[in-house]
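The structure under discussion is supplied below as structure tokens; questions concerning it will follow.
Order of writing sets the chain letters: A, B, C and D. Residues in each chain are counted from 1.
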Amino acid sequence: MTYSVAVSGASGYAGGEILRLLAAHPDIEIRTVTAHSNAGQPLTAHQPHLRSLAHLELQPTTPEVLSGHDIVFLALPHGQSGQYTDALDDTALVIDAGADHRLTSQEAWDQFYGGDFHDPWAYGVPELLTGDGKLREQLRSARRIAAPGCNASTVSLSLAPGVAARVIDPADIVSVLAVGPSGAGKSLKPHLLGSEILGTANPYAVGGTHRHIPEIRQALAAASSGSAEDIRISFTPVIVPMSRGILATSSAPIVDGVTDAQIRDAWESAYADEAFVQLLPEGSFPRTADVLGANTALLGLAIDRAANRVVVVAAVDNLVKGTAGAAIQSMNLALGLPEGRALTMNGVAP
Amino acid sequence: MTYSVAVSGASGYAGGEILRLLAAHPDIEIRTVTAHSNAGQPLTAHQPHLRSLAHLELQPTTPEVLSGHDIVFLALPHGQSGQYTDALDDTALVIDAGADHRLTSQEAWDQFYGGDFHDPWAYGVPELLTGDGKLREQLRSARRIAAPGCNASTVSLSLAPGVAARVIDPADIVSVLAVGPSGAGKSLKPHLLGSEILGTANPYAVGGTHRHIPEIRQALAAASSGSAEDIRISFTPVIVPMSRGILATSSAPIVDGVTDAQIRDAWESAYADEAFVQLLPEGSFPRTADVLGANTALLGLAIDRAANRVVVVAAVDNLVKGTAGAAIQSMNLALGLPEGRALTMNGVAP
Amino acid sequence: MTYSVAVSGASGYAGGEILRLLAAHPDIEIRTVTAHSNAGQPLTAHQPHLRSLAHLELQPTTPEVLSGHDIVFLALPHGQSGQYTDALDDTALVIDAGADHRLTSQEAWDQFYGGDFHDPWAYGVPELLTGDGKLREQLRSARRIAAPGCNASTVSLSLAPGVAARVIDPADIVSVLAVGPSGAGKSLKPHLLGSEILGTANPYAVGGTHRHIPEIRQALAAASSGSAEDIRISFTPVIVPMSRGILATSSAPIVDGVTDAQIRDAWESAYADEAFVQLLPEGSFPRTADVLGANTALLGLAIDRAANRVVVVAAVDNLVKGTAGAAIQSMNLALGLPEGRALTMNGVAP
Amino acid sequence: MTYSVAVSGASGYAGGEILRLLAAHPDIEIRTVTAHSNAGQPLTAHQPHLRSLAHLELQPTTPEVLSGHDIVFLALPHGQSGQYTDALDDTALVIDAGADHRLTSQEAWDQFYGGDFHDPWAYGVPELLTGDGKLREQLRSARRIAAPGCNASTVSLSLAPGVAARVIDPADIVSVLAVGPSGAGKSLKPHLLGSEILGTANPYAVGGTHRHIPEIRQALAAASSGSAEDIRISFTPVIVPMSRGILATSSAPIVDGVTDAQIRDAWESAYADEAFVQLLPEGSFPRTADVLGANTALLGLAIDRAANRVVVVAAVDNLVKGTAGAAIQSMNLALGLPEGRALTMNGVAP
């Protein structure tokens, strides 16, 4: 069976990456691509790398255009997907790459986003531990899926095993991320110009203001069967001169009395059977180049007894495992297809 | 008066930057440049950007060649400066850009470096707080100076005010640094090749093994008039694709009961009168481009009550304020010259 | 049918890219990977991005190890493949990514390479015009294939249509290429260090010394059914800070009397039916990001009557269409498989 | 004597670089900085690297604000400087970093720019050959100076000696330039976003449409005491991922009968006494890093007899020697100050 698909926000980075992955998917027909101000133009005017889709033309993003497909991907700015809910009521599968359906707590939404609160959808990170299993199970029957925030899922996957196994203290997590500017989208802002990005490292949202913080707290609370209030995280993203990629260095205090073996085992047992979340051998740490274009999250683990902290370094392609790959992987699960279809494990390096 | 200078290790990055700065110094005559395997070649074969020094030829690095100058800079691999001590006994001022004379603790030296331990020299970070003042005073009378490790001085300057004022807890510091590859020198190692550096973020020395850790603990212990044992730091450097620069994100727990004003005042009062260490206005954070080529360390401070941490983001040019600029600034102090001579406060951006 | 494959030089960039592409090929079993000094180590110690091949261990590159496979890829330094010729006599298909079997002229070989001259093999650029067709036909029956030089095939594909149609004068070609450092391989040379590559553009082999020059002259001579002596090219590569990619700007004088329509038609008719060599619409020019990881060569064409030159800008991923992709595409042809199997047309961007 | 200065367009890249250089000039007082939409904000909000000018606030760009200074720099978009001509009538020295006063031919202006044509001012490239000397002489008495286009002056300096000495044929020049995006200014355009610039090479203005073409033709015509009609140039700029820098590869046919010595002598004699335009030794070619932040143009020369072309590779910092440095150097000449004051010959590398 071939599923018909519409992708909104097709002129942006998330939309483009969803299309790049879907173009290699044997069960998918990309029927419709939409954009806001660029409707009427060829897709390749905005995504010149998508040569196999050179026949597609951008249509306006309206409920009428989006309805009537088996699957709809929403890759819109935050706050904009709600208006399509009614029109997509009959659509078998809707996947939102935006933030509107990620948070379960209206209080957190109001604090970090504001505007209308929407009901939470199934969260598109199959490998993430919940109190009694993994999110994969919930995704198998999902009809509405929220793809994760790229930084959020990277940090959550990094620490969930240790939090779930209670070998690290989630009350004093520190995460610092080197991130590429594509995570900020195609916004025309001065600090995102090439001249401002090249040859420099730029911090932003320092001091607890980044919108992915409540998403991490929610995910780690679920992993520990606890409350988001018990998860505290100092979170600092730093834009560095690579177009894509997240290298997240996260650490948390070691719980008194646990052994090195217990610590390492927490991560090993959590991800031993996963294709797309892999713990590297002891002493090895990942680079973002290793996962460029791939759906893989690579983790390296260090136990620093002198500092009394477990350090996890995670490499993710923000546009693949961080967004579009997570969306396709979740789609495969929801459709009952092989989970890894059209996704690659190997990065494009050097 | 004009001082005659010899620079050893002149074909490397630290040596080259010392020369770039000295070339603009009106009181200095660069008389001799030396290198190990490249002796006999023109300096510009290895430092093609130093056009004003095109007349200089590299000589072998021997005690005979180095002796007889007013000032000698040693920019050699760790462990190699000791052999020149006797020959330079009559030299008025010797400045070592290597690690050999930085640590006061032989135990720390043995653990992180190994090999012969050398006596500690005056530490070339004038703005660094000691229990009862700043290191500047010690440098005014110094005849032997150890330039700092670039990452170490960046983190020490970031946190010393808070440690000295006892508004942050030095027992749980976390520092993650985005660093350019020039900090690793001109070593021919596969992971330093351009193809391995471009488009990717690469962590190294994860989990407490980096050699700058004891240097930070020593500096912060001095700032707090305490012991290095009381300073604990989780330290992770990440190489990112910029030739130079350090963006250090450091945080530590807020001491119970201190107010936001007390915290901010600790940093403001420490650096209010400094030209080369500047605290940015509240809400502003620095980029490494802002200090490229400059001797300035820029700090941004955030107080994250939700995470209970003070976060300091510091930007430094590893080759200037991190190494060569610190050396020249210290030299100026030791010679009784204006401290900022031949050093610039403004970065080269974009 | 599944073909067994051995890849030599598997720890280098060309070998790694051959493996990345083969790992996605349904008809191939990667049985053996070899390397010189790194034998005995896991493949992922040198190719950490090839996660699906984490089970492979590098073996020594010897005739014994390489023999006994259906297909052997040689990704060795120039001059080293000759020693395996006898041992591989029974191997059905041998593909050399090195230069040893590319040139038909011993004189050109002696001038630009030196050392033993080897017999020329089928040249692995299927879309390249010959006097009476394309190289594709020769590759269908080939048992020995020489993958092209990345810069050479990029320039040859850029200009062959105009040379063949006699609308440009091949006696005064000028090509200037912006190239990523991965084209130089993993050689440990100072000028290839990350610090030397970042933030700068570095020319090399200026003035007619680059080894790809005779390869271009040979290819364009074939396209014009003429002699290499009639092809003259000023060729300058410039290393720029991107890990992979070639952006070649090539121009040649317009032949007197030809019309704009005749010029454009030469390229359009040559590549109208090609999947992997595409002429962009008038006024459009390619970026290397558009073909990153893809087997596509994108061409943009301008006719500059004021300068009396046709300008062709071509974007190619040096490791894919420039080397490994060309090898796999040629392999598919030789095996009678669909030509594009395991190759992608869409780049990974941004 | 100290000269009072106003800099308009102070929030842009050219304005910022003028300020960076002036801040180190002992004879200059930066009294006024102006900007269009950002008036009222601190200068450092837009130029955070100019720490020594943190006390300055941006004022509106109006005739009233600009008048009353000894020197005014106009760093405005093309077409905007004309409106200030009357107001600045009493200003002793006005230097325009824009294009409005560069071209002597209204026909060329109309073809490449359009809008009002303005009278040509003294052209701020002191080392450029004219038929009977260098432009330096004209600048000594100038009260109105047009700083050059960065690409234009780079190519003109590259080829003027050969054109003047009639050893190369100016009727078939080919120039391809690798350029950093800062040359395009702070314009908020999608193709200038960091994500679009990183990891890729992007051509633009292909086929003879770039606005610097008539400027080059004019300069080379002056060097040869000939007509711009006799100068033909195929000119292609390619944006590469470095914030600043131009690496221009220019070539032209060798005139029949001239010897290698005659060719090399043309360049050597032209620039032997110049501090800021230097011909490298035979076989050496420059990198843009070698001139980063410096006012130096470095040239490498190759004679390719096989291709019958002289190839000149030139490295320039587009913001310094290409714009702001040329402006300051010209200002020094006009004021009778040492020509190199506040300008550096050494680049910031690596």
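Operating definition for what follows: a contact is a pair of C-beta atoms (placed from the backbone, for glycine too) under 8 Å apart; a residue touches a chain by one contact, two chains touch by 3 or more.
In UniProt terms the chains read A, B, C, D = N-acetyl-gamma-glutamyl-phosphate reductase.
Because the structure is a prediction, the values reported are computed rather than measured.
Participant: Which other chains touch chain A while also touching chain B?
Facilitator: Touches both chain A and chain B: C, D.
Participant: Can you tell me which chain lies farthest from chain A, using the average of the Cα atoms as each chain's centre?
Facilitator: It is D whose centre lies farthest from that of chain A.
Participant: Over half of the residue-numbered contact pairs in common: that is the test. Which of A-C, A-D or A-B passes it against B-C?
Facilitator: A-D
Participant: What whole-number Å value describes the gap between the mean CA coordinates of chain B and chain D?
Facilitator: One centre to the other, that is 36 Å.
Participant: If you average the Cα atoms of chain A and of chain D to get two centres, how far apart are those centres in Å?
Facilitator: Here chain A and chain D have centroids separated by 45 Å.
Participant: When you check chain A against every other chain, which residues touch at least two of them?
Facilitator: Residue numbers touching two or more other chains: 13, 182, 195-196, 198-200, 241-244, 286-287, 289-290, 292, 349-350.
Participant: Which positions of chain B touch chain A when the two form their complex?
Facilitator: So the residues of chain B in touch with chain A come to 172-174, 176, 178, 195-196, 198-204, 206-208, 232-236, 238, 240-243, 245, 247, 249, 251, 253, 285-290, 292, 300, 302-309, 311, 313, 315, 349-350.
Participant: How about chain A: which of its residues touch chain C in the complex?
Facilitator: Residues 13, 16, 20, 23-24, 47-53, 182, 198-199, 243-244, 278, 284, 286-287, 289-294, 296, 298, 344-350 of chain A touch chain C in their complex.
Participant: Quick check on the complex: what are the chain C residues that touch chain B?
Facilitator: 13, 180-182, 186, 188-190, 192-200, 239, 241-244
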